[in-house]
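Once you've had a glance at the structure underneath, I'll fire off some questions.
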Amino acid sequence: MENLNSYLTVSAILFSIGTIGVLTRKNAIVIFMCIELMLNAVNLTFIALSRYLGNLDGQVFVFFVMTVAAAEAAVGLALMIAFYNNKESIDVEDVNMLKW
Amino acid sequence: MFDNVWLIPLFPLLGFLINGLLGKKIKNETVIGGIGAFAVLCSFAVSCMTILKLLSLPGEERLANVKVFTWMTCGNFNADIAFLIDPLSCVMIMIVTGVGFLIHIYSIGYMHGEEGFYRFFAYLNLFMFSMLLLVLGNNLLLMFVGWEGVGLCSYLLIGYYFHKKSAGDAGKKAFVMNRVGDFGFLLGAFTLYWFMGHNFNVWTIQFTELGKNAHLLPTGGVVTVITLCFFLGATGKSAQIPLYTWLPDAMEGPTPVSALIHAATMVTAGVYMIGRMNFLFIRSPETLMVIAVIGACTALFAATIGTAQNDIKRVLAYSTVSQLGYMFLAMGSGAFAAGIFHLMTHAFFKACLFLGSGAVIHSMHHALHHVHSHDDAQDMRNMGGLKSKMPLTFLTFLLATIAIAGIPGFSGFFSKDEILWQAFANPHHGQLNYLLWGMGAVAAGLTAFYMFRLVFMTFFGECRITPKAKDHLHESPMVIVIPLIVLAGLSVVGGYIGIPKLLGDLFGGIPNYFEHYLEPVFRLSEEYMAEHAAHGVAHHSVALEWGLMGTSVVIALIGIGIAFALYVVNTSIPAKFTATFPALHRAVYNKWYIDELYDYVFVNPCKALGRFLWKGFDVVVVDGVVNGVAKVVMSFGGIIRYMQSGFVYDYSWSMAFGVVVILGYYLFK
Amino acid sequence: MDMITIPAVNMTPIMPEIFLSVLAMALLLINVFVPSGQKSYIGYISFIGVIAAAVLVGTGWGMHVESFNGAVVQDNFASFFKMIFLLAAGLAILISDQYMVREECNHGELYPLILFTVVGMMLMAAGTDLMTIFLGLEVMSVSLYVLAGFNRENRKSNEAGLKYFLLGAFSTGFLLYGMALTYGATGSTRIADIATFAAQQSLPSSNVMLLAGMLLMITGFAFKVAAAPFHMWTPDVYEGAPTPMTAFMSAGPKAAGFAAALRILLVSFSTMQADWSQLFWVLAVLTMTVGNITALRQDNIKRMLAYSSIAHAGYCLVGFTAGNPTGTAGIMFYMLSYTFMNIGAFAIIVLVGKKGEPNGNVMDFAGFGFKHPALAVAMSIFLFSLAGMPPTAGFIGKFYLFSGAIQKGYIWLAVIGVLNSAASVYYYLRVMVYMYMKEPTEEFDWLQVSAPIALSLLISVTGTLVLGVVPSIVLQYAQEAIKLI
Amino acid sequence: MSNLLSLTTFLPILGVLMLLFIPKDSKSVLRSVTFVVTVVTFIASLPVLIGFQNNADFQFVENVPWIAAGPFAMRYNIGIDGISLWLVILTTFIMPIAVLSTWTAVEEKVKEYMICLLLLETGMLGAFISLDLFLFYIFWEVMLIPMYFIIGIWGGKNKIYAAIKFFVYTMAGSVLMLVALIFLYFKGTAAGMTDFSLLHFYDLRLDPATQTWLFLAFAFSFAIKVPMFPLHTWLPDAHTEAPTAGSVILAAILLKMGTYGYVRFAMPLFPDAAHRFTPLIATLAVIGIIYAALVAMVQEDVKKLVAYSSVAHLGFVMLGLFAFNEQGITGGMLQMLNHGVSTGALFLIVGFIYERRHTRLITDFGGLSKQMPIFATIFMIVTLSSIGLPGTNGFVGEFMVLLGAFESEIRWYTVIATSGVILSAVYMLWMFQRVMFGELDNPKNQKLLDLNAREIGIMLPLIALIFIMGVYPNPFIEKMQPAINKLIAQTKTSSVTAQLPVDQVLPAGHPVVAPAPEQNPAAEQQNVPAEEATPAVINPHDAK
């Protein structure tokens, strides 16, 4: 299936975009969104491969990833709120009390 | 036969232990002094018995090794505490205990009232012990024990007045100089032991064994190295060039010490050692020449310095150095018996001279002390005219001076003349002999000059001491005077046991008893020398020998005459002379600046090097590297630490970087 | 239409996990009804639960049971690690109470969260399917994010939680991508299947997808065990998180990371060992060096121990590089030892700290040694063990790790390792310098030792020393455990 | 009693347990208990001395399994031979003296201090009696800890720097030894060995290249401890800062660990390499002798001077050991004991005056002889022993060392080393003179009290030993002789092999110790990057 490569390429590009986003963005929520993008890129890979290989393991995996991502989102946003409560900012420039 | 010989060193050791440990409690000077002197007397008695026993034996049997216990064994190395009895060691123990006993007696009077009286006697006894070990030890190592032991006692006794800085310095200098010599001694011993063992499978350090196997040794080569090493040891102990400078300084010690250690006994150890190992030294003509030259040079050189010193003991000290030079000249000429003979006569007259000077100083000191004067009690310029104040001292002193000056009929004449003749006539050094003789003769003249200068300045002329103190000058007590008389007597008659053949023939064939007595020790060497003489045995006419003898006597008389002229008849000449040649006088007076030279060449560079190595190398380089590594690591820590910026994106960059590098490396490698 | 038949599932392998999950959920519920001053009881119950779980794990020793169609397994390897997790959790629970009360954030959720973390870690150790391992890892991580930021009122704690979360999620992305590629290359997420596939390849490292998958997974685990250059989060998070949680994080999750990585790499990618050990060689050197060198310049003791923990991960990576029974058993032994000594050290830090830990610097230990000799001796033992001095567990652990490398021929790696270990001595000694060799600036009169902490210290000291003097009692189990994978 | 050695070794630990139950304010009780414990330990060690048979075997051996896991098997394997016997006795002998020496000097934290001393004793004894390489390493490291605290807590002004320097310096060396140790073990297992027992390793014939690397690692570690130039710089600091007992123990026993390590491990285990590196070691030893003497000469602090003199003395020890003959090694061993006694005594002496005047600068003293005659006498005797005057112990050792070295291949080094006898006289006597002689002009010195009964009591046994060992060293030599002969045989047989061309010794393509197939490290290394491969250590053929 020559299309597999296209799927994989797309997901690789998505993953890279996500990565670059994490590296360059300063807003914690946006960074988290970029991470979500990375995870979804992986999901895409899984799905494509699952289809290509003809077994369901990949798809099952994706369900787990989605669940986990949701849990992570919940926890992550909670942490951001806690941080925001104290610092009134979720800009990662301000997250540097701990260093050196 | 000689089973009780170990008693000889034991008595002084006991004396040392008693006085050293309990002396402080005993306090009573008579008891302490008595113990010290008695211990030596006992040794003397046993020594007498020993030598009598020895003399009762036929010549070739006069040799015994007496083992006490095994000291250390390790593999093929074995060292015993064992004593060697032969004519040489017997004559040495007689000198050591005999003169030593007299000096002990003398010290009781001389040291009266000193703070560390017990300490003094303890040290003296320890010295006797070490010296006896040195001369009795039957192996190199035991000799070395004594060798170092006497060095230690010398150090302790020179530094007896330890609160004086000069005394401490002098003691240390003596010890260190001696150590330089010991370095040579050790190396010589190592080389000898290794060479004999390695090449001939004779692993021994025992003198008799070594002597028996000496025929295996080659001539020259390694033997020269070995003997030169040993000779270095001898120059240290016996104050020869280049290691003589400690002896004049050693006069910081109490006068009996100077008499015993720095005149009669310890400083002659080097001569004894060469005599003991004659079988070795004759196998190296080169070394013999070195010894002869050094001996002659020292004799002359020290004599020149002696002419300009004003400190009575220093004059005697340089005289000692000079006389030791004679002994080495004899040894270097292969005339071992003559050297030992001079050793003995020198012990008599030089001990007498030192003790006499001690009596003078003692008296001067008391007189000056009485009037609270701070004048130097040892400076001859403060003396003069003591003849009448201290007649007995004067008389004994004069006799000893005549002896040392080499006036015929006195002991010094016989021994010195024998040496000069041997220096001239020996078969080893060829043309050099004339020079050696010449130096010896000039030195003899200088000796006569400075010794009589000393006598004249001290005992003749005006009394230059503070007038007030004059009345307090008086003759010393009998305990001091009696040893002087005995020693003076020996200085006069001591020479008659070794009358040179020439004179002996004149008086009806009196043999040279002394040479004959020592023959068993040196016979093999003499035979060897006769065979191997480098320049053939020259036959000199009797007339020549008479001529030389006469010449040296004349030279000595000239020396005395000059001294008389300068210091009795016209006392202003020396000052004029000094004024005319200030540089020369200054140089001589300052001992040719040898001490300064040594400071400049050895002492200061060593200190500077030490300081550099410490502050420069240890602290800067080694610790610098160590601490530098630590610092570099720490500063890396500082740098890496700041990479930890606290910003999340920097952290994710780092991670992404890691991922990219890893993937890149593996996928594109 | 056929009836959907639910296959008979053997629950024994995950009994401890189930037990702890149920307990944790129950405690969450109970927590609601516990008045705020009494939350300690939840801790006590959790502690008992941990002991019970340990008993459950213990009874399973020696058995080999696969379940969930090969997704989970009960073997000695898993059991050994589970014991480490439980130990870490137990000790962390013991030291939490006093700390949380002091910091006024003694919320009941803490203990269930710890238990959930343990469940996650256990799944990581027991998982034989990438999916299980991922799931365990996420259960663990998500709970840890919360634990790191548990002190809501404290900005440092907030920051720690946030940083941990962002970076953790980021690394999860890589891990997951790696899993996906591996799945794509081999067609399965089962570890055993991947191994079979890789074994069939003549040159598995030429399979780019497989190789990339493996490498990405390694980076993911490298993050969890704090290997350089994926270590940057560690100091910040360790410093900011509540001290007992730092202690817990430094021991448990790191062990879990190693457990999962060991299983995956040693089983699935055993044929590619030449490739990954090369990578681990570099990672080990980097991690050790960076950790130690940076720790030299730290004043904050928690931060210093964080860097030191990076260095210790580096030592374990040395054993990992070797990949032989000696080295890997060394990792297991070392993680156990490290749990004892590091949590012990943090327990002392908990005790010395005042509210908000304004005195978290090494200098604040000045004179501690003679004010509280027993505690100081305990601290010294922990520090010496961390420094790798005999006769402590730390020494034996390092001995086995480096032995593994030497046995395998990685002499220079071992040399770098021991030199690092020598350098590390400096900063451990520094604490002792302040404890014993400086004049006290404080009276340490606020210091009280509660019974749980005393117990935890007792356990830690005993563990550190016993493992140092008679290590065989544990080493032989580690040896057995490593045989199975 | 078969477990006499264990008893001796662990009695101090028992003492520690006792001390734990004594309140820290009852200082005199603490001191007395410690003293009694050390004395009892000494008494316990006497049966070992008396029961020791004069042969080359290890005696009083105890050998029980200890750790067995993975490829390793460590055993609690202890025993002594003539070489370690005297060091054990020296240790138990010095300890009571060390305890007495700080009876009044240490007033604070007495309990902890005494605990450290006792722990240290166990560590040192353990290291001397270990016949298991691993066990040895454990004790070797354990020793550091109490010593570190002794210097760091009860030390002088610069104590922290000194303590850390001491610790890290030593640690840096010993970790390399650890690597070598492990490597050696795997070499051993490849040859069929099953444990760390030293005796088995003696029979292991390693190829020269491997020996070289292993020897270097061991030698480096021991050289730091000895300490040999240029790795000596921790010593002056450690000595200067340590309290008296610390210095005494450090000088008397701890430094012996280094030289003992050479005798027990580095030389017999790697004879070919030891021979090969003899010129290097001899050079360093000689440099150490001269260098330390020169540096000692210009020191301003008495204690530092004595510390540097230690470096010089241990240079002699090393020179003797690497003579590889009976006299040399016997001399080295004797010199180890001598140095223990006389330098220990010197540090005690420095301690005495420091306790009185709280200064150690030479310039602060002068003329003390007048005020303190007993002290002066004792100081003098010890000084003389230190400069190796015949009749004292120092001479016997030094002489044997030089004699042995002179007989061996390192003759020319010996010539230079012999000049050390001059320098030692210079710096010791100069120091003695400046401290003890001269005017007593410093008013503070005029009130000094002479030694009290306790201090005299401390010194007497040492003084006695100085003379006994100087006058009658044979009993000491006899007991160590068989062991030394065995050691020489061990170093010789292999060197004969070493003289053969390497190709003859090694069948082509195989190291001497043929590794089992799966353990052939060279095979496993093929995929390892070049920089991490260590072929030189692994395979002699690559090294060529």
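Per-chain residue numbering starts at 1, and chain names A, B, C and D are given in the order in which the chains are listed.
The rule is simple: a residue touches a chain if its C-beta (ideal position, glycine included) is under 8 Å from a C-beta of that chain, and two chains touch if they have at least 3 such contacts.
Owing to the predicted nature of the structure, the values given are computational and were not obtained by experimental measurement.
Enquirer: Tell me which has more C-beta contacts between its two chains, C-D or A-B.
Expert: Of C-D and A-B, it is C-D that has more C-beta pairs in contact.
Enquirer: Comparing chain centres built from Cα atoms against the global Cα centre, which chain wins on proximity?
Expert: Chain nearest the centroid of all protein C-alpha atoms: D.
Enquirer: Report, in whole Å, the distance between the mean C-alpha point of chain A and the mean C-alpha point of chain D.
Expert: Chain A and chain D have C-alpha centres separated by 62 Å.
Enquirer: Centroid from C-alpha atoms only, then distance chain B to chain D, rounded to Å. What do you get?
Expert: 39
Enquirer: How many angstrom lie between the centres of chain A and chain B, each centre taken as the mean Cα position?
Expert: Their C-alpha centroids are separated by 97 Å.
Enquirer: Spell out, as numbers or ranges, the residues of chain B touching 2 or more other chains.
Expert: Within chain B, the residues that touch at least two other chains are 630, 641, 644, 646, 648, 652.
Enquirer: Among the residues of chain C, which are close enough to touch at least two other chains?
Expert: In chain C, 162-163, 166, 170, 235-236, 275, 423, 426 touch at least two other chains.
Enquirer: Which parts of chain D, given as residue numbers and ranges, touch two or more other chains?
Expert: Touching at least two other chains: 168.
Enquirer: On the basis of the stated criterion, which chains touch which? Give every pair.
Expert: A-B, A-C, B-C, B-D, C-D
Enquirer: Using the touch definition up top, name the residues of chain A that touch chain C in the complex.
Expert: Going by the criterion above, the answer is residues 8, 15, 18-19, 22, 28, 31-32, 35, 38-39, 41-42, 45-46, 49, 52-53, 55, 57-58, 60-61, 64-65, 68, 71-72, 75-76, 78-80, 82-83, 85-87, 92, 95-99.
Enquirer: Note which residues of chain B are touching chain A in the complex, please.
Expert: So the residues of chain B touching chain A come out as 641-642, 644-649, 652-653, 656.
Enquirer: What residues on chain D touch chain B, complex-wise?
Expert: 165, 168-169, 230, 232-233, 236, 291, 294-299, 325-327, 330-331, 367, 369-370, 373, 384, 389-391, 395-396, 399-400, 402-403, 406-407, 411, 414-415, 418-419, 421-422, 425-426, 429-430, 433, 436-440, 471-474, 477, 481
Enquirer: For a test of understanding, state which residues of chain C touch chain D in their complex under the given definition.
Expert: Going through chain C, the ones touching chain D are 274-275, 277-278, 281, 325-326, 329, 370, 373, 384, 389-391, 395-396, 399-400, 402-403, 406-415, 418-419, 421-423, 425-426, 429-430, 432-433, 436-437, 470-472, 475-476, 478-479.
Enquirer: Can you list the chain C residues touching chain A in their complex?
Expert: 130-131, 134-135, 138, 142, 145-146, 149, 152-153, 155-156, 158-163, 165-166, 169-170, 172-173, 176-177, 179-181, 183-184, 187-189, 235-237, 239-240
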